[in-house]
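Starting off with a structure, shown below.
Order of writing sets the labels: A, B, C, D, E and F. Residues in every chain begin at 1.
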Amino acid sequence: MVSMNDIPLVYNENTLVVVAHPDDAESFCGGTIAKIVQRGNHITVVICTNGDRGSHDRQIRPSDLVHVRQKEQDQARKILGVEEVIWLGYRDGELSSIGDLRERIIRLIRQKQPSIILTFDPWKHYEFHPDHRAVGFVTGEARMLADLPWICPEFTMEGLLPWHIPELYLFSPQEPNYWVDISSTIELKVKSRLVHCSQNDFIQCDDDRQSFIGEIKARAQETGKACGCAYAEAFYKVDRTELWI
Amino acid sequence: MVSMNDIPLVYNENTLVVVAHPDDAESFCGGTIAKIVQRGNHITVVICTNGDRGSHDRQIRPSDLVHVRQKEQDQARKILGVEEVIWLGYRDGELSSIGDLRERIIRLIRQKQPSIILTFDPWKHYEFHPDHRAVGFVTGEARMLADLPWICPEFTMEGLLPWHIPELYLFSPQEPNYWVDISSTIELKVKSRLVHCSQNDFIQCDDDRQSFIGEIKARAQETGKACGCAYAEAFYKVDRTELWI
Amino acid sequence: MVSMNDIPLVYNENTLVVVAHPDDAESFCGGTIAKIVQRGNHITVVICTNGDRGSHDRQIRPSDLVHVRQKEQDQARKILGVEEVIWLGYRDGELSSIGDLRERIIRLIRQKQPSIILTFDPWKHYEFHPDHRAVGFVTGEARMLADLPWICPEFTMEGLLPWHIPELYLFSPQEPNYWVDISSTIELKVKSRLVHCSQNDFIQCDDDRQSFIGEIKARAQETGKACGCAYAEAFYKVDRTELWI
Amino acid sequence: MVSMNDIPLVYNENTLVVVAHPDDAESFCGGTIAKIVQRGNHITVVICTNGDRGSHDRQIRPSDLVHVRQKEQDQARKILGVEEVIWLGYRDGELSSIGDLRERIIRLIRQKQPSIILTFDPWKHYEFHPDHRAVGFVTGEARMLADLPWICPEFTMEGLLPWHIPELYLFSPQEPNYWVDISSTIELKVKSRLVHCSQNDFIQCDDDRQSFIGEIKARAQETGKACGCAYAEAFYKVDRTELWI
Amino acid sequence: MVSMNDIPLVYNENTLVVVAHPDDAESFCGGTIAKIVQRGNHITVVICTNGDRGSHDRQIRPSDLVHVRQKEQDQARKILGVEEVIWLGYRDGELSSIGDLRERIIRLIRQKQPSIILTFDPWKHYEFHPDHRAVGFVTGEARMLADLPWICPEFTMEGLLPWHIPELYLFSPQEPNYWVDISSTIELKVKSRLVHCSQNDFIQCDDDRQSFIGEIKARAQETGKACGCAYAEAFYKVDRTELWI
Amino acid sequence: MVSMNDIPLVYNENTLVVVAHPDDAESFCGGTIAKIVQRGNHITVVICTNGDRGSHDRQIRPSDLVHVRQKEQDQARKILGVEEVIWLGYRDGELSSIGDLRERIIRLIRQKQPSIILTFDPWKHYEFHPDHRAVGFVTGEARMLADLPWICPEFTMEGLLPWHIPELYLFSPQEPNYWVDISSTIELKVKSRLVHCSQNDFIQCDDDRQSFIGEIKARAQETGKACGCAYAEAFYKVDRTELWI
């Protein structure tokens, strides 16, 4: 059996979580976020789309859905203790063709100067959502490039200096190598996910709330088995900038 | 040993098979197609390119090759019992840069309202053909998005309503999790592949017909071993829309 | 234990090594290059970018860095016995958006008519450098397409005829299936890598030269263990053009 | 007063008319087309879009409108004596972003080998329709480039040899320098335009048929005044390939 | 001499002014805006860029300049009596490559339902600023297309119905055909332009304020001569939707 | 009659001439170049394409044509006294889709710091060559933007500071407002044009050399009539950076 890892060992630092849609952060790493917050870190969640097409309901207009989801996200933010949510505002489903997404993440990295960063694993097999893959690749590249002064020279000239982020954690990993015990925060994770009411019809389980809660917990339990604890979230941790020798 | 799966349990339903080139359907899932047909299902094969560059012969002109391949495909169609072939007509080798491919597949999904859909596994390692990867990604995304009313709102406004396809089967899979016993249809598969005469010089075996037949059967046998039958085709079956919790 | 492979069995032939940056060839397959040279083969290293942003030093200007790296690469070339280096000259970090990169590699393949070709494995998990993935995909596709007369018809019309490369070796492989014993050339590899002085601050080990040398050797030793020799480099060898049956 | 020109002096030759939408040919040069036909020339009208969005009627679906307009165009074709209509099938309003439009026109020029070609004047001030400008530029460029063997080398290799079109006539011209007396064909022009019933609500005159007829004639009369005849259509005639000294 | 036109005959209606940068509205049609306001109309100025690169000063950062210019624009807005300013927020100098600009203007047209619209004349010779040409073309096209239900079907589905704008006025016209007497508002125009202090070093006249004022007035006087009044602004007025017969 | 202008009043300064193809500079402003040289100025001709498709001869390969044209251009350079020719090397006919052309011209402007710049008038009616229009627009924009520090911040950071070019001359002008008397350099112009032997079959006059010479002189004479001298070249002179009030 794999030995369990602790949560990332950062205290009083900035953490960046980069996701595609409102509810991604809660779904994929909500338990870990709550633990990082408890150690006194400042967390910024960057949400690349506005989530405007995420509904099966033909009656709700995209522009209205955006407002609904902002409110839901704000509730979730408070539940987990996230200090700040930044919306990049791109349309749902179009991230893979956004030319300046990488630059915007690089700018945020240089502004926030985080110690760790969390995002999607873009190599996850059978993850068909193009926004998820796009965010994973772009964020990983942004982390690598943010440290070079001649990438985005405008930022350097503006005084946003190169910044090195030692550790990158990829959630929903293809090859997990790091587990966080979320037994103490599983209830927060569930609660923060449930407030995204507009999204609950996407869940493929019985309609009632209890079976959905059960499903979330079951997945965290299954992950927990891999590392010997009640509930866990898994990651692939990257702690070298490059593979280049 | 993995237990063998049956073929998808659909009767008298529509099935969509989305491939890149004429001969892909026969090569990758011809045996399975024949079995699905035998259950009374209606199969539509969507071929995204016209296959115009698929020849080592400098003397044959691309515009002529297109006609040759249409005739070959029509023969193959009849052998397998496929009811309809739809040609999207893009040029061979260029699918990864076609901006409206996804929309066209979404339209077809809403028009045909299939119960299952088959396409390439875009995560297959060492699959260098860019058209194969493109078709796999685009089709998987189209299946996911076809169910949302605000994706391609023009279609919704035209009366082509959102459609949910419960099951997606990826052939040539990176991580097979589903096998179809094609022992009863292996001869149809071989025959349907052989009529693509223009493509036979791509096969890397002895020139004569027998060795080619042998090679096709050998691969199906090898796959059969994984699931305990004489001949099989392997798939990765996706039966949830999203991975999103 | 996996049995060790020899080096590719080519003598007095052309070999193409396609990389993204100066220092990639030395880092990823320098030991193998030296062995191929020793068998009397002619090696051309194609470097797609000019490496102009590869520095943490804000004081060095990109246009000056280009010259520094050309000199470093020329030293490395001589150490390994590489006959020719071709610079495509694209900017560092932008390869994934270069529309004509594939065409240029196809032209080079038809001009040089190599027997084998080496490049990145674009499926390597957690390889975040977009240039590395781009070079791997583009080169693998170019190898496949260079053999078709109606791809790049201008080249065919110019007299650059279709060319088939029987063997492709992908370095930094996701699924290694081929190992080269570089015990006799490990010192050349180290030496050729060390002359890329401008890049040494990217190495995450102690600053001094000895620990860097140690790191290079440690990785080659680890690879060697997989195949039973002192030092090795690993590859995924592709020796069929297509997976297409 | 400017002296009147005759119609282009071609007999028993091919003529290409390249337009954006069904009804463009009739509206802009219908009278001239009828006269060219009367001299025994063979006319091919190339319509780049399918006209699918050309309606104020929310109830008619784009895919149905396409069929309506094909029938209308076929009636118009017969009235004017046009032998052939070729539909390129792009969507209405998107021509300016179609990457391969120029290539397709070059191919048609080499296939049809016309003596003269008619299209939009892309320099017409206050012509806001992006499809009209796109067709004018692309067709003029295609005429210039169709004569060069290394443009579209695939066509040359296929046996579609370079072709020089001595004369280009731009209708709806910014700087008219050529007028065709259409007094003998004005009724054909009117009739051919009227059969495009789906488009008649775009005409900004009284709803009844007579006032529309009056408007068409009034414009032809006004043009006629510039050259001393009852009814005329105006052009800018280009009879040199290049301005290049 | 050309007879003078009045200002557009609209009362208590919405007017849309679409420009590229803060200060464009004041510079090109500030006097006309003030007159339209005086007739009780509601004016919305849409500014496509944020003006972030519009400075010769290397010390001011683009992100700071944006804030400076917003304040300047707000002052100008109040001077002219403009009710609302909408910022689209694109970067200065990049409008010609913004794919969704036209859609955003169409949305605004359908939301605001204006009676008249003012923008750049994109045919103005020797206007080298690519943003000015882009805004002119895109806005003219948006006006034409906003009236078609199958353009931007999402908007139609959301309830933003097609809207016809009878009159379009192009300022800085290549072929003026409409003049507005701004003698009563010339001082407001000057004042509203002067508050854009960050832009005053672009003015090529003596540095002091008086000579700049003189230059603005001189140009309005020169325009006034063409139509027989003290001060005027010139336009090309388009009052047909199409040129299409 | 318009009064004749002298040549631009610059002595011992740098001049940039930006063209699309070898032979453009000689054809459009060769006489003016020779006069500018005689005043002791240093001229750099920037040729954006390599001219690889500029031949009716199917036997000559594009890659060979490039070399032929470089030799021809070098002869022409010496005849006119041009000090330096810079080749950007893009393919003939593709300039309008080159994303970084503007940046490269801006870099050259900041490096060479010219007092005047000459290029195509992109508004010239009936100039169908897309490369000519592209060079005209891009160069005019580059001149405008080269003076702003936050455009191409990398250049600024490298020490290539903003540079203002007071005067821009557009040759082959739509609205000539400036004429240069080239009576003393007409023979140099003719001679420099004649050495581009590979291009002479594009000239539409009798094949022999004399009639071609006659044609060049006839055009210069016609231009000369407009300004009262024997031979002239015409320009549109732009001496304000912006039209922006």
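Note that in this section contacts are C-beta pairs under 8 Å (C-beta built on N, C-alpha and C of every residue); 3 or more make two chains touch, one makes a residue touch a chain.
Quick caveat: nothing in here was measured; it's all calculated off a predicted structure.
Undergrad: With a step meaning a move to a chain it touches, how many steps does the shortest path from chain C to chain E take?
TA: Tracing touching chains, the least step count from chain C to chain E comes to 2.
Undergrad: Same or different interface residues for chain D and chain F, judged by whether over half of the residue numbers are used by both?
TA: different
Undergrad: Fit chain D onto chain E over the CA trace and report the rotation angle, somewhere between 0 and 180 degrees, nearest 5.
TA: 120
Undergrad: Just curious, how far off is chain F from chain A if you go by their C-alpha centres, in Å?
TA: 54
Undergrad: So, what's the distance in Å between the C-alpha centres of chain C and chain B?
TA: Those two chain centres are 34 Å apart.
Undergrad: Starting from the mean Cα coordinates of chain B and chain D, work out the distance between those two points in Å.
TA: It comes to 42 Å between the two C-alpha centres.
Undergrad: Residues of chain D touching 2+ other chains?
TA: 62, 150, 154, 156
Undergrad: With chains as vertices joined when they touch, what's the shape: line, ring, star, complete or other?
TA: other
Undergrad: What are the touching chain pairs in this one?
TA: Every pair of chains meeting the touch criterion: A-B, A-C, A-E, A-F, B-C, B-D, B-E, C-D, C-F, D-E, D-F, E-F.
Undergrad: In their complex, what parts of chain D are in touch with chain E?
TA: Contacts found on chain D: 23-24, 27, 52-58, 62, 93, 124-130, 172, 193, 202-204, 215-216, 219.
Undergrad: Mind listing the chain A positions that touch chain F in their complex?
TA: Spelled out, the residues of chain A in touch with chain F are 150, 153-154, 156-157.
Undergrad: Residues of chain B touching chain A in their complex?
TA: So the residues of chain B touching chain A come out as 123, 137, 140-141, 143-145, 147-151, 156, 162, 170, 174-175, 236, 238, 240-245.
Undergrad: Please give the residue numbers of chain D that touch chain B in the complex, ascending.
TA: 61-63, 154, 158-159
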